[in-house]
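This is the structure I have questions about; it appears just below.
Labels A, B, C and D are assigned to the chains in the order they are written; within every chain, residues are numbered from 1.
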Amino acid sequence: MNAANYLYVSALLFTIGAVGVVVRRNAIVVFMCVELMLNAANLAFVTFARINGNIDGQIMAFFTMVVAACEVVVGLAIIVTIYRSRRSASVDDASLLKR
Amino acid sequence: MNLSLTLLMALPLLGAAVLAALPKANALLAKQIALGSTFLVALVTIAMAVGFERDNINLQYVESHQWIPSFGINYAVGLDGISLVLILMTTLLAPIVVLAGWNESQNGRWSTKTFYILILVLEMMAIGVFAATDVFLFYVFFEAMLVPVYFLIGGYGTGERSAAAVKFLLYSLFGGLLMLASIIGLYVISGTQGGHTFDTQALSQLQMSSTTQNLLFLGFFIAFAIKAPLWPFHTWLPDAADCATPGTSVLLLGVLDKVGTFGMIRYCLTLFPEATKTFTPTIIVLSVISIIYGAFLAIGQKDIKRLIAFTSISHFGFITMGIFAMTSQGHSGATLYMFNHGFSTAALFLVAGWMISRRGSSIISDFGGLQRVTPVMAWAFFFAGMSSLALPGLSSFVSEFLVLVGTYTRYPVAAIIATFGIVLAALYILIPVQRALHGPITAGNENLSDLTLRERVAIAPVVVIIIFLGFYPSPLLKVINPAATHVISQMGFSDPAPTQLGGK
Amino acid sequence: MTFTAPVLNYTILSPMLIVLAGALIGVLVEAFLGKAFRPIVQLILTVGTLLLSLVQVFRIRESESLSAAMGSVVFDGPGFLLQAAILIISIISVFLIADNENFTALAAAIPGSVEEHASIQQGNKVTEVYPLTLFAVAGMLLFPISSDLITLFVALEMLSLPLYLMAGLSRRRRLLSQEAALKYFLLGAFSSAFFLFGAAYLYGYSGDISFAGIRDSVVGGSGNDIFLLIGIAFVSVGLLFKVGAVPFHAWSPDVYQGAPTAVTAFMAAATKIAAFGAMLRIYYTVFANAQWSWTPLLSGIAIITMLFGSFVAIAQRDVKRMLAYSSIAHAGFLLAGVIALNKAGLSASIFYLFAYGVATVGAFAVVTLVRDSSGEVTDLNRWTGLGKRSPWVASVFAFFLLAFAGIPLTSGFIGKFSIFSAAYESGAKGVVIAGVLSSAIAAFFYIRVIVLMFFTDSHEDATTVVIPSVLTRITVIFSFVITVALGVYPAPLIDFINKFATFIR
Amino acid sequence: MQINNGLVYLIALPLAGAIILLLAGRRADKWGHIFATLMSASSFAVGLLQFSQMLARPAEERAVEQKLFEWISVGSFQVDAGLLLDQLSICFVLLITGVGTLIHIYSISYMSHDKDRRRFFAYLNLFIAAMLLLVLGNSFLNLYVGWEGVGLASYLLIGFWNQKPAYATASKKAFIMNRVGDMGLSFAIMIAFATLGTVSFAGIKEAAPNASTASLTAIGIMLLVAATGKSAQFPLQAWLGDAMAGPTPVSALIHAATMVTAGVYLITRSNFIFDAAPTAQLLVVIVGAITLLFGAIIGTAKDDIKKALAASTMSQIGYMILGAGLGPVGYAFAIMHLITHGFFKAGMFLGAGSVMHGMDDEVNMRKYGNLRKFMPITFVTFGLGYLAILGVPPFAGFYSKDMIIETAFNAGGIKGILLGSAALLGAGITAFYMTRVMILTFTGSPRWDEKAHPHESPILMWLPMAILAIGSVTSGFLLSRGDTLVHWLEPLFAEHGEHEELLKPIVVTSLALLMVAIGVAIAFVKYSRSEVSDTAPEKVSLLTRIVRRDLLQDDFNEAVFMRTGQALTSTLVKTDEIVIDGAVRGIGSAALSSAGALRTSQTGFVRSYAALILIGAVALVAAIWVVTQ
């Protein structure tokens, strides 16, 4: 199977993620979309590792996963806090800061 | 190395430092210290002027230290005839302004001592801006000067003072930033031709394409045209002059604005000779418009301060025209004009300021019959007016006529149109003279007091200088001429020969 | 397959290791030390760590190394300068952070809850902020000296994650603060994804994740250009987001406003140095030979950023938002230094970053002082007449504004001059002209604030200026002195920077 | 040219007087008038001394020069402050200081009730100094200083009672119209410097023969413009009537005897230019002819005695200008008429002042009548002046005016006939209006208010009048006997060839006398036979009304210059506010409002920020793709 196809999938996933961030309101879902984008990048890394014939990309993917995990910790903490204050996880509700 | 100029700049700063250390309450002492330091500075300047070698066209009192070596920036100062004359004007005006405006800091937002600190800092920067021979140093003073003036207008003025101060600052900053772009351009070009430098002399040797030269020239010129102010960049001036205290106005119009015309000579002409030639016709046209336009606007003003501001716009038109006429008469005339304008505007503004502070109004029609109530003040105002309309026998006549003659030999049409300005000048002076000084004594003016001794002492030197230089301008002309001729010849110009000599 | 043990040059890594160690100790302190001692111990620990790190950075300034951590980290002159700058800025920012009035007593408590009230009553003080700061600093120190994509990404996240949290720690107006944290976090993560995706394509283009390898491919022209271009574009998105360039700026006004002011100061100054440091390294070394592709874009973004930032700042009514837009405009000016792509540009950028950073911390430090009964007052309308009530504070603030405006005899002027002349030298005249123009616009709003403070009579609900704590005072005075000194006699620092400002490859 | 270092005292003495009196202020009130008179008199004495020295020298060495100091020196523009006393200027020096001193004396009494008398004398001294500088300057630029100096003095003196708004306006009008003329002088100097490279009389005289006619014509025309301003010639004549607002001695000295004749001096002094510029010369005579008629016609309808005399002055100067425009043959006659006019017109003005003095400052002649009974001395002195101005032999005016008429006829061709006829007609009209003045003032029945107590003036006033009257009687005869003045001035002017005579002198004289007789007769018929009403008749012809309105001179100026000027001013003021400043403010507010609009792009919704980033990223990719293609 042509490795390029994985790139297409990766691009598709990335796009879905990016669009998801823009259109979804729930903070958790938005955050999941970001994770989706990160994983799209991971897929690209792995694919490129395959194409280029070295393992740097795969190593990178591991690092990404670790970082993503850290992000989850921080992100969820923030989202939960704000949910507790506002009783709402909609990102549109948090729009006091503007102009 | 000669430290005179640095010393000269240090003196007012020293005065400011002493003032800063004073307690706020002692306003009188602050005034006395300010007067003392400005007076001292004036004395030192006079001594330097006496020691100036008139026929030596090289810069004198030269001093140069590395400042930011990696950019080729030096603290470099020096004097030629033109800058000497302007520094002399500045330092002579300063004590007069302090003495004349003894009480003008009273209505300020801040203390008296702050007022005089600002004045002294301004004086120091004015000296620096005229003395700088490094473009970067010039720019630093050029821009930094705005700050004290801004606070002087905004903090001690009257009326819509903060709006006027902001307008002044924004206009000037805008021009200054354009100039900064040009300075950067020069700096970069100098880097490609023998190393980064800001030395005026070295920069004048740069080779540039004509497009580059034109663009860089415009950056400088617009900055100076705003400062000078030349039509149509003038609208900040009436507001600023209207709101500032009389003393500040004197420094603003008399000293600060001269930086514009001085800059044209020192930087536009010497750095960009080719571009200057390209733009000269346009600039001559702008100058002529300024002369006529300023005069008409002055005629149409109801407020005495705005009127004076517009007369200055007209006068600056003359100066610019003289500079760009590229004849020795025009050039020397323009420089002399700068000096003379400083004093005639000082006279006008100071006397007008006294009138206004007594009457509590600056509307011309509120005055009337002052000649019968306060004869000395009326005389002073009349005299100042005569000086402004360039009555022969007073100093401004010499310079105005030189500018006209010098312009005529190269640009007859411009000179002819500009000459109509002298009729308009009669109108814009005599109309307020009639309204304010003549006629029956209008209500509210009956009990105005005449000039006090302090005020008389303040105005007397101005009067003496104006008359003396009207009859005997040689001391200044001898200093100015070599420098002016040098600039012209460097540009590759020489005076047009009389057209009719040598037979038909 | 053989496995070689990694060789690490600990000397060169020591500044970061010191900070990380300090951070870890801080966590331990947080866990084990009693409430009463925590604030002071944490403060001393943090400042001490940073100072130690700073000393260490200076000690190793002459050492240059491409292989400090198996090629993942490069240490050179610019790296030293940037690290030193970050550390100095961090120290004075920590002084601000030490003023606990700014921070919530219990971040986990719901705003306005009994819990929160109780914790305030008990005099609880948040001290987690210190280790968080140290972690962020460690990330910042690493960011500009990373030399492969992995390290770069990890450093990016390392500096970002603590900042997301710190943004939400404000004591007053906690809803705003939390909202800022949320926005910062979501958008930050979003942009990291772009960055990572771009990194993947760079890897795809060159087959190498080290900068050296990517640069070799760019120089050699081997590989698929489309991958390179996508890579450059997406990596740029991530970096431009961090520096707050238009159109990736939207987070900064909200976050600047919502975050505790001390954190804003730290974020605005130190993050900018780190992010621009990384950007300079990447564009100057990795992408330099592909400049045909990115200089036009970056010029465009620089121009838009300068103009937009200056322009919108005019209409702001909150001092922190105004400073945020001002920082956007300054990001535009700094991009001019990136575009310049010459040694002058590099020196100028570093000088500018330091000067701007110091002035920014100083300005925000003044903001923390202007308060009323319910805390800091950032509404500009209530700053009216400040010059009358507290002439010194107002004058110092005005001076910082003048520095931002680039008036001569302030550090801002020298910075602007040097960065614009570098850009001009590289032929980016359009950027210079836009820069000059937007400086004029920018002057407009700086002056507005000065007018408000000095020339407008104050309202009745006037604010007061609190007596600054010793530490805040040190910060303000230090910033002021540096700003003056760099305006009047910048030669020593410029020479110092020039001596070091060369990337090794 | 000889050097004489005493010339400066001529000017310095009165100048010192003016400065001392002005600076001393009220302290000098007691002695100021005496001091000023002494200063003027000593200047006259210096003049006489110089004159006697000059007489002692042979004709070609009479001119003397004094260089005071280097005044303006820039490049080739070299002007010294230098004085030149030659045969022409000595005439003026003596006239100015002589008549000036008499008028000082007169004023001591005339102004004795004015608390500002000291200031008045200071101004008078200032005037004397400036006028002397005007005639003594050795270059056009030095002359220019005096030229504007007398303008200033005239302004100050016309507006001496400037508490009355009308008087203040009159002084302003005079100054401004003079400035229009001064502009001409500026132009002339500029052109002279640009074309000939010098502005001194000697230099220009030397260079003129080599210069093109065009440039000389340009200089000449500009000098003529200057002359029309200062000498109240058409078209800049309108200020003179209003200038009568000044105290009467001022009118006598400045607006009759001396300052207004400066134009004649200027043209005569620049003879070397006009001789080589026929077109300019033609314009000069045209201006002279028009003005002499214009002034005379205005004079016929004036009821204000001073304004009638002012109109007469304008007309008489028209004669002089006409004479000066006729070239070398006419210069001497112009100067001669100038001198005789100086005597008789000053005398008549002082007479008018004396009348006003006795009539509580009433100036309306319709309120006079039969005053010879109450003021015999005034009547006699005024009457002698009257005979002189009419040109009745052997009074002064006969010699001078007759010569001008004669020369005009001899100018050749149609031009000569037209000019001569105009001059003749003018003589007739002059006779009419002057007779009218005499009749209305001194004869007929008294028409004054009951409050008035006409009385003769004190000796300090009538003595100067008497001396001037003697001059009116004798000066013409003395100057023309044996062509004294013509020969005296001869060295200055180019030689003139013999003209063929159109009419024999005796014919011209007879014609002139005939015209005068007709004029006198008509006046007698009109004013002596019937009772004169004490108010001006209302129902009069349109022509009369136009003449009463000074031939619409002010209406014209107002409509053409003042209105347009005012409209232009107010338009420009609005333009400045709305267009130029408006543009600036517009940019400011546009920036503010668009910044406000841009500000709304910050919606506060994190998703829109994300969208912005997404769009930015896509745009970046797109742009990079476009750039690299």
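Couple of notes before you dig in:
The rule is short, and it goes like this: a contact is a pair of C-beta atoms (placed from the backbone, for glycine too) under 8 Å apart; a residue touches a chain by one contact, two chains touch by 3 or more.
What you see is a predicted model; the values in this text were computed from it and never measured.
Common neighbours of chain A and chain B, listed by label, are C, D.
Comparing chain C-alpha centroids with the centroid of the full set of protein C-alpha atoms picks out B as the closest. Looking at A-D and A-C side by side, the one with more C-beta contacts is A-C. Look at the CA centroids: the one farthest from the centroid of chain C belongs to D.
Chain geometry summary: the mean Cα position of chain A and that of chain D are 96 Å apart. Chain geometry summary: the mean Cα position of chain A and that of chain C are 25 Å apart.
One inter-chain figure worth recording: chain C and chain D are separated by 79 Å, centre to centre, where each centre is the mean of the chain's CA atoms. Centroids built from CA atoms put chain D at 37 Å from chain B. Taken residue by residue, chain D touches two or more other chains at 599, 602, 604, 606, 610, whereas all remaining positions touch fewer.
Multi-chain contact residues of chain C (touching two or more other chains): 182-183, 186, 190, 194, 253-254, 444.
Touching of two or more other chains is recorded for no residue of chain B.
Pairs of chains in mutual contact: A-C, A-D, B-C, B-D, C-D. On chain D, the positions that touch chain B within their shared complex are 22, 25, 69-77, 81, 141, 144-145, 147-149, 152, 159, 162-165, 168-169, 172, 175-176, 179-180, 182-183, 186-187, 189-191, 193-198, 207, 210-212, 215, 565, 568-570, 572-573, 576, 580-581, 584. Within the complex, the chain B residues that touch chain D are 171, 232, 234-235, 293, 296-297, 299-301, 327-329, 332-333, 369, 371-372, 375-376, 379, 386, 391-393, 397-398, 401-402, 404-406, 408-409, 412, 415-416, 419-420, 422-423, 426-427, 430-431, 433-434, 437-441, 471-474, 477, 481, 484-485, 495-504. In the complex of the two chains, the chain D residues touching chain C come out as 588, 591-592, 594-596, 598-599, 602, 604, 606, 608-610, 612-613, 615-617, 619-621, 623-625, 627-628. Remark: chain A residues 7, 10, 14, 17-18, 21, 27, 30-31, 34, 37-38, 40-42, 44-45, 47-49, 51-54, 56-57, 59-60, 63-64, 67, 70-71, 74-75, 77-79, 81-82, 84-86, 91, 94-99 touch chain C in the complex. By the touch criterion stated above, chain B contacts chain C in their complex at residues 66-71, 109-110, 136, 139-144, 146-147, 151, 154-155, 161-162, 165-166, 169-170, 173-174, 177-178, 180-181, 184-185, 187-188, 191.
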